[in-house]
Amino acid sequence: MSTTPKRLKILVLHGPNLNLLGRREPHIYGTTTLEQIDSRIEALARELDVDVECFQSNYEGALLDRLHAAIDEFDGCILNPAALTQHGVGLHDCIKAVPFPVVEVHLSNIHAREEWRRHSIVGQAAKASVQGFGWRSYTAAFRALVEQLRDA
Amino acid sequence: MSTTPKRLKILVLHGPNLNLLGRREPHIYGTTTLEQIDSRIEALARELDVDVECFQSNYEGALLDRLHAAIDEFDGCILNPAALTQHGVGLHDCIKAVPFPVVEVHLSNIHAREEWRRHSIVGQAAKASVQGFGWRSYTAAFRALVEQLRDA
Amino acid sequence: MSTTPKRLKILVLHGPNLNLLGRREPHIYGTTTLEQIDSRIEALARELDVDVECFQSNYEGALLDRLHAAIDEFDGCILNPAALTQHGVGLHDCIKAVPFPVVEVHLSNIHAREEWRRHSIVGQAAKASVQGFGWRSYTAAFRALVEQLRDA
Amino acid sequence: MSTTPKRLKILVLHGPNLNLLGRREPHIYGTTTLEQIDSRIEALARELDVDVECFQSNYEGALLDRLHAAIDEFDGCILNPAALTQHGVGLHDCIKAVPFPVVEVHLSNIHAREEWRRHSIVGQAAKASVQGFGWRSYTAAFRALVEQLRDA
Amino acid sequence: MSTTPKRLKILVLHGPNLNLLGRREPHIYGTTTLEQIDSRIEALARELDVDVECFQSNYEGALLDRLHAAIDEFDGCILNPAALTQHGVGLHDCIKAVPFPVVEVHLSNIHAREEWRRHSIVGQAAKASVQGFGWRSYTAAFRALVEQLRDA
Amino acid sequence: MSTTPKRLKILVLHGPNLNLLGRREPHIYGTTTLEQIDSRIEALARELDVDVECFQSNYEGALLDRLHAAIDEFDGCILNPAALTQHGVGLHDCIKAVPFPVVEVHLSNIHAREEWRRHSIVGQAAKASVQGFGWRSYTAAFRALVEQLRDA
Amino acid sequence: MSTTPKRLKILVLHGPNLNLLGRREPHIYGTTTLEQIDSRIEALARELDVDVECFQSNYEGALLDRLHAAIDEFDGCILNPAALTQHGVGLHDCIKAVPFPVVEVHLSNIHAREEWRRHSIVGQAAKASVQGFGWRSYTAAFRALVEQLRDA
Amino acid sequence: MSTTPKRLKILVLHGPNLNLLGRREPHIYGTTTLEQIDSRIEALARELDVDVECFQSNYEGALLDRLHAAIDEFDGCILNPAALTQHGVGLHDCIKAVPFPVVEVHLSNIHAREEWRRHSIVGQAAKASVQGFGWRSYTAAFRALVEQLRDA
Amino acid sequence: MSTTPKRLKILVLHGPNLNLLGRREPHIYGTTTLEQIDSRIEALARELDVDVECFQSNYEGALLDRLHAAIDEFDGCILNPAALTQHGVGLHDCIKAVPFPVVEVHLSNIHAREEWRRHSIVGQAAKASVQGFGWRSYTAAFRALVEQLRDA
Amino acid sequence: MSTTPKRLKILVLHGPNLNLLGRREPHIYGTTTLEQIDSRIEALARELDVDVECFQSNYEGALLDRLHAAIDEFDGCILNPAALTQHGVGLHDCIKAVPFPVVEVHLSNIHAREEWRRHSIVGQAAKASVQGFGWRSYTAAFRALVEQLRDA
Amino acid sequence: MSTTPKRLKILVLHGPNLNLLGRREPHIYGTTTLEQIDSRIEALARELDVDVECFQSNYEGALLDRLHAAIDEFDGCILNPAALTQHGVGLHDCIKAVPFPVVEVHLSNIHAREEWRRHSIVGQAAKASVQGFGWRSYTAAFRALVEQLRDA
Amino acid sequence: MSTTPKRLKILVLHGPNLNLLGRREPHIYGTTTLEQIDSRIEALARELDVDVECFQSNYEGALLDRLHAAIDEFDGCILNPAALTQHGVGLHDCIKAVPFPVVEVHLSNIHAREEWRRHSIVGQAAKASVQGFGWRSYTAAFRALVEQLRDA
C-alpha cells in the first residue's frame, strides 16, 4: 500500500495516576516522568515520520471521549490503561468499536505482580501488547505499530 | 556502561509446534515460516551489531537444556513458549535461575483467545513480554531487549 | 390513583460508548443512531402523554449527578448502563437510593454474549429489565414503565 | 416484507408451578392468576391482530413436545421458563433448533433474587428477555416481538 | 389447638428411581422395597391416627402436579426428592408455594456420599430434613412432623 | 460364556430433542434423521444377530420408566442423553442401578463445544462413551458393546 | 440380636453456645432451654428403657475428651455440633474413630440459612442427621437411633 | 517528632453517592447529612488543632485529581470510597503512590452486608480502616490518624 | 437516654497468641505488650468514666464462656479475635446472641495481609470494626463504642 | 468419493506409560499388552484394507515430532494421550494444525475416575472420542474413523 | 557452632485425637500407640544426646499455651497438627512467632487422602514437613531437625 | 522378613533444573550442588549397606523411561519432581504403576511458597514425602524408606 499520500497519525493515551510517573514508586515504575516519556515518543515519531498526540487523564470518561473524537483522525492508538486494565469495560467496548488498531502497553510486567493484576479486560479487545520494558514499552509498541500499519 | 569490550549475544527460543509456522492456521499465525522469522531476527541482529542464535524444539527438556547451556554464554533471551505458556513450570523455574533477562513473545494476542490461554506461568517469571504483532513480536522484543541491555 | 393532576416525567440515561451507536458493530447493535433512538422514545412519550428527557455520558460520575438531580423531578428512569453493567456499583447504590423505579435496558441479549457480560450489578438493584430487542428494548421498557406507574 | 398474506401466530409457554400464580406468594409474583394473564395476552393479540395460543405444563418434556409441534405453525414464542430457567438444557437446545425467535419472560427480576437464580441457561439461547414487570412482562414482550416480526 | 375436628392428612412423595428400592444397590439403600416402606408408613399413620397417601413418580412434573392438587387437602408432606435433590428447582419453588410444611427425607446420608450430592436445592426450601436412617428416615420424619403439626 | 442359548437384546435410548435430528442445525448434528439412525442401528443389529429396540422421549421420566422396564429384558443399553447429559441425576442413578452396561453416545464431540457441555453427570455412571462421529457414534458404540458382551 | 443382657446407653453432646438456648434469638432457635431439651430426652430415654447422658461444652477439646472417654461405655451418640459444624475436623476424625454410630442434629434447617452454614464437615463422618424440627430434632434422632441399634 | 513547627493538615474524601447521605436509606446509613458530618469533622479538627479539608465527588477521576494535588500539602487522608470500594484500582494505586497515610472509612459494616461488598481493593492499599459506627467512623478515624501522626 | 443511673461497663477480649504481643514480630504488631494495651484502655476508661474488664485466652471456648457470663453484666464488648477471625463460627454465633454491641478490632490492617486473612466470619456478626492503628485500634474502638452507647 | 486410487493410512499414537499396559493395574486397564493391542489394530487394518502405523512414547515432544512428520503421509490419527490428556497443550495445538482428523481414545472411562481426569484439553481439539471399552476403544475408533474417511 | 555448652531440647506436640492412636483405624494410622511413639522418640533423643518433651492435647488452646511456655526453653519443635492442619490459624500464627523452627509431621500422606485434607495452613508457617511414614515420620523429622540445628 | 539374601537397591530421581542446584538462587535452594547431594546420598547408602543409583533429567519422558526400566531392579525410589510437581500426570500414573514405594522430596517447603506450588499431583500418588530440610530432605527420606523396607 502506498504510504505517501497519507501521513500516519498515532494517538497515545495514558490512564489514571500516570501523571505521577517518576515521582513515586521508582522501584516499580522507574524514574522517568510522563513528560520525558512523551518527549521520547515524539522524538521517535519524528524519526519514523509520523504524527503523534499524547493525552493523559484520570477519568475513564475522558479517555473514551478522546478515543471517540479520534475515530476519523487517527490510524492507530497506544494505550496504557493503568488502573483501568482490570475493569475498564468502557475501554474494552470502545477499542472494539474504533476502526484502527489499539496496542496495550504497561511499564511493568503485570503477570509478575499481584494475582488480580494479571486479568486484563482491555487486553481482550486490543490487537497487541507490550509490557515490562519501562518507558521502552511505549517506544517498542509505537515502532511495531507504525511498521505494521505501513505493511498492511 | 561501556559496551565495546563485550559484544552482546542473544538466544532466541521457539517452543512446541512453532516449526509448523506458515504452514498451518494462517488466519491466526500468519504465513511467515519459522525460517523467515529467524532470518529477520538475524538481519536485525546484524543491524544492531549483536550475535544471535535461534533454536526450536518440541521438547520442554530440550529448551531447558539449551537455557542451562547458555548460562555463561548469553546476555539475554527471547522466548516464545507456545504450548508451554500455561503449564511450563520448568521454564518458569529456569527463567528465575538464569542470570540474564528473558522476554516472553507470542505471535497472537493470547488475551484475545480462549480463556485458558490467558494464564501464563512463564510470564510470571519473565522480565517483559510482547504479543500480537505476528513475527514482529520477535523483532520488537529483540530490539527493546538489546537497547535495555546497552542502557544498563 | 388519579393520574390527571400529575403528568409523568421519565429520565432516559445512556451509558458509555452509546453515542457511537449506529456507527460501529452494526451486527451486534444495529444501524440505528442514538439520535434516532431518542426520537423514537420522544415520539412514544408524546403518544403516551408523558414528559421525557434523554442524556448520554461516558462518565459514571455524570450519570450519577444526573440521577441525583432528578430525585425530585422524575417519576421513573430507563437506564442502559452499557459498559457499567458489570462493575457499576455507583449506579447500583444510586438506584437503590432514588425514590422512583429504574428499568435496565440493553440492545443485545447480554446472556448470549461473553460469559463475563452476563453478570449485572446494576440489574440487582433495578426494578425490571428489557434486553435483546435492539432499539425496541427502550420503547418496550418505556411503555411498560409508564403503564405500571399509572396503575400504581 | 408484506404482512397481509400471513397472519402472525405466537405461542405463549408457561413453565412449572405457574398454574399456581395469584394463589401463592403474592409479595413476589402479584395477585394476578394465570388465566387473567392469558386473557390479557389474548386481548393484546386481538388488538395487534395476531393469533395466540397459551400453554402451561409442569413437565419440561411437555413444553418441548409443544415447541416441536409448533415448528411449522408459529412465528414466534414467548416463554416463561420458571423453574427451568437455570438447568433447562432441553429448552436451551430446543430454542436453538426452532426457526422462530423465542423471548424469555419472568414476572420478577431474577437478578434481584437469590444468587443461583441469576444464571439463565435458557436466556443464553433466547433472542430477548423481559423481566420484573409482573404480568406486564408478558404483554411488553408480546408487543415487542410482534413489532419486530412485522419489521423484519 | 384442638385436633379433634380436623384429622391430619399427610402426603408422602417418592422421587425418581425409588420404585427400584430393595432391588438394587442394597449396600447403599438397604433391602427394603418401596411397598414395604409404604406399609410401614401406613402402619405408623394408623398408630398416630392420621391419614396418609403415598405416591411415587419418575417425572418431576408428576410430583409437582400431585403437590398442586394437595394444596387444600393435606396438612404436611414427606418428600424424598432422590435424583431431584440437586437441581429440582421446580420442587423448591413448589415447596415455597404450598401452605403446609414439607420435610425432606433421604435413605442414606448424602453428606457422606459424592461431593455433588451434598448440595440440596430442595433442602433450601424444606422445613426440616431426616437422612441416613434407611427406611426409618421416613418414619422418624413422619412422626416428628405429625407431633409438630399437633403442637402448633 | 456360551452365547448360543441367549440372543442378546440391546435397548437404544434417545433423549430430548433428538426427534428433531436432521431437520435442524445440520452444521452440528448432520442431516440424518432419527428414523434413519434407527434403521442403521437395526441393520447392524441384524448383521450382528442381536435384537434391538429404539425409544425416544423428551421426558426424563419416560426414559427412566423405559430403563426400569428393561431391567430383566435387556443385556445392554446405548444412551444418548442429549440435554440430560449435564444434570440428569435420575439417569445417573438409574444407570448405576440397572444390571447391564450402559454406553453414553453423542453425535458431536461435547468437549469441543460450550464449556458447560463438557461436564457429564451421566458419563460418571456409564461404562463407556463414544462421541463426535455423528450417527456413527451409535453404530460404533453398538458394535463394541455387543462384542464386549459376547466376550464376557 | 438379643437386647436383654445389654441395656443401651446413649451420649448426647451439645456444642458451643447451646447453653444459651431459649434465651436468645427465639425466632431461629425457639424458646425451649437446654435444660428443657435434656429433660425431654431423658423422659424419652426412660420411655424407651435406655440410659442417657447429656453434656454441653463451648470447647471442641472438651467434646473430644468426652467422646474418647465414651468409647467403651456408650452404644451411640447424638451430636449437635453447632458452631463446629463447618470446621470441626477434630469431631469429624473422632466420629470416624469411635466404634458406635453418631447422629448429627440441628435445631434449624441449616440448608435454609446462610450459604456457608450448609457445608458440614461433621456430617461427612456422621451416620445420619436430623434437622429443622427445633428440640424435636433431638428426640426424633434419639428414637430412630435406638430403634436401629435394637434392630442390628 | 516536634509538632509545633508544622500544623497537621488532613484531607477528607467522600466517594460516589455520599452527597445523598441523610436523605436516603436511613435504616442503613442513618439520618445525618454529609454537611453535618463535615461540620462534626471540622469541629473535631478545631478541638485537635489541625487543619482539614472535605471534598465529595461522584467521579473517581476527580478524587484522584484531588489526591494528586494534595501530595505536598497534606499529612494524611480519610477516605470513604463508597461505591469505589470493590473495583477502585485507581484509588488503590494512588494510595500506594502518595507519601501520607490513608485511612478507609465506611458508615456501615461492609462485612455484614452483601457478599460482594466485603472485598475491598482500596483496603488492600490503605493503612487502617474504621467501619460500622455511622458518622462516628469518620471522627474515630480522624482522631486516631492525628494521634498517630503526632506520635511518629 | 439518661446515663446517670447506669455506669457503662465494657468487656475487652483478646484472642489467641495476643499474650505474645510486643515480644514477637514487632514489624507487624509493634512493640507494645498486652499489659501496656490493657493499661491504656483502662486509662481511657477512667477518662470516659466507664468500667472495663480485659481478658485474654488462647481457647475459643474460654472466650465464649466469658461472653456468656457477661450477658447481663456488660453494655458492650471490644473483641480482637486474632486467629479466630476466619473460622470462629462460635464467636460469630455468640456475637449474634448477646444483647450488647461487639466491635471487632485488629492491630494490623488484615486487608493488606495474606489473601486468606481478609475473610472475617466474626466481622459478619460484629456491629463495627477498627483495624490498622496498632494498639490505637483498641482505644479508637473503645471511645467510639462508648460515645455511641451514650447517644442511644 | 472414490477410494480406489488412494489407500488410506492411519497413525496410531500411544502416550506416556502405555508401554506398561497389561503389566500393571489390570483392574483399571485390563491384561492386554500394548503389543497385543497393536496386533489387533493391525489385523483390523488388514481387514479394512488400510495401512496403519503404531508409535508409543513417554515424551510429548516425540509424539509431536511424529505428528509433524505425518502431516503429508497420513489420512487420520488415533491418539491415546494418556497422562497428557489434561495438560497436553502441545498436542491440542498440533491436532488443530494437522490437516487430518484425530480421534481421542481412552481404555477406561475417564469421567468415572478422579475429578481432575475428566478435563481433557486434547479432547477440545479432537474430532471424536471413544473411551471405556478397554482395548476395544482403539478398534471401535479405528473402524469408525476409516468408515467416515471413506464416506467423506 | 559449638554444641557442647548447650544441650538441645526439643518439644514434640501431638494434636487432637492422636491419643487414640493404635486403637482405631489401623488401616490408616497403623497399630502403634501414642505411648509407643513417644518411647521411640525418647530412645532416639537419647541416641542423639538431646532432651525431649512430648505433649498431647485435644485443645488448640492447650497446644498454644505449651508453645508459648516453650519460647525460652526449647530449640525446636516437632508438631503433628492432626485435625488442626486445615484451619489451625492459631498454630500458624504461633509458629511464626516462636524463635525456633517447627517441623510439621503426619502419619499418613495427606495429599493422598480427601481433597480438603491437602490444604495445610500450619504447613505454610512450618519450616519443613515429613509425612506418610507412619510413626517413622516423627523420628525422621526429629533426626533431621537435630542435625540441622547442630549444623547451623 | 529376612534381608540377607536380598540387598536393597534404591533409585534417586532428580527432576528438571535440579542440575543447576548450588549455582542459582541459594536463598531458596542452598549452596550445595547436585553432585554433593548425590555424594551424601551415596555415603548414607554405604552406611546403611544398600545400593543406590542417581539420575537427573530435564525431560519428564526420560524420568518415566528410567522408572519403567527400574521396575524389576529396584526396591524403592526417592523422587524430587521439581517443576513436574504440579502437572506431572505422567509421573503420577507411573508411581501408581510401579511395584515399589516412591517418596516425594523437596528441598524447600512448597507450602510456604507461591499458592500454585502447593498443589502436588505427584504427591497424590506417592507413599510419603519430606520437604523443607534442604539437601537433608533427601537423606531423611532415604533413611526412612530403607528402614521401612527392612521392616516390612
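Letters are used for the chains, namely A, B, C, D, E, F, G, H, I, J, K and L, taken in the order the chains are written, and counting of residues starts over at 1 for each.
Note that contacts are C-beta pairs under 8 Å (C-beta built on N, C-alpha and C of every residue); 3 or more make two chains touch, one makes a residue touch a chain.
It should be emphasised that the depicted structure is a prediction, and the values quoted were computed from it without experimental measurement.
Chains that touch both chain B and chain K: L. Annotation: 49 Å between the Cα-based centres of chain B and chain C. Annotation: 32 Å between the Cα-based centres of chain I and chain K. Chain A and chain G, compared by their mean Cα positions, are separated by 64 Å. Within chain K, the positions touching two or more other chains are listed as 59-62, 87, 115.
Here the touching chains pair up as A-B, A-C, A-H, B-J, B-L, C-D, C-H, D-E, D-F, E-F, E-G, F-J, G-I, G-K, H-I, I-K, J-L, K-L.
In the complex of the two chains, the chain E residues touching chain G come out as 103, 109, 111-112, 118-120, 123-134, 136-137, 139-141, 143-144, 147-148. Residue ranges on chain K touching chain G, taken from their complex, read 16-17, 19-20, 23-25, 57-62, 82-87, 116.
Every residue of chain H that touches chain A in the complex is listed here, in rising order: 59-62, 64-65, 68, 71, 87, 89-90, 92-94, 96-99, 121.
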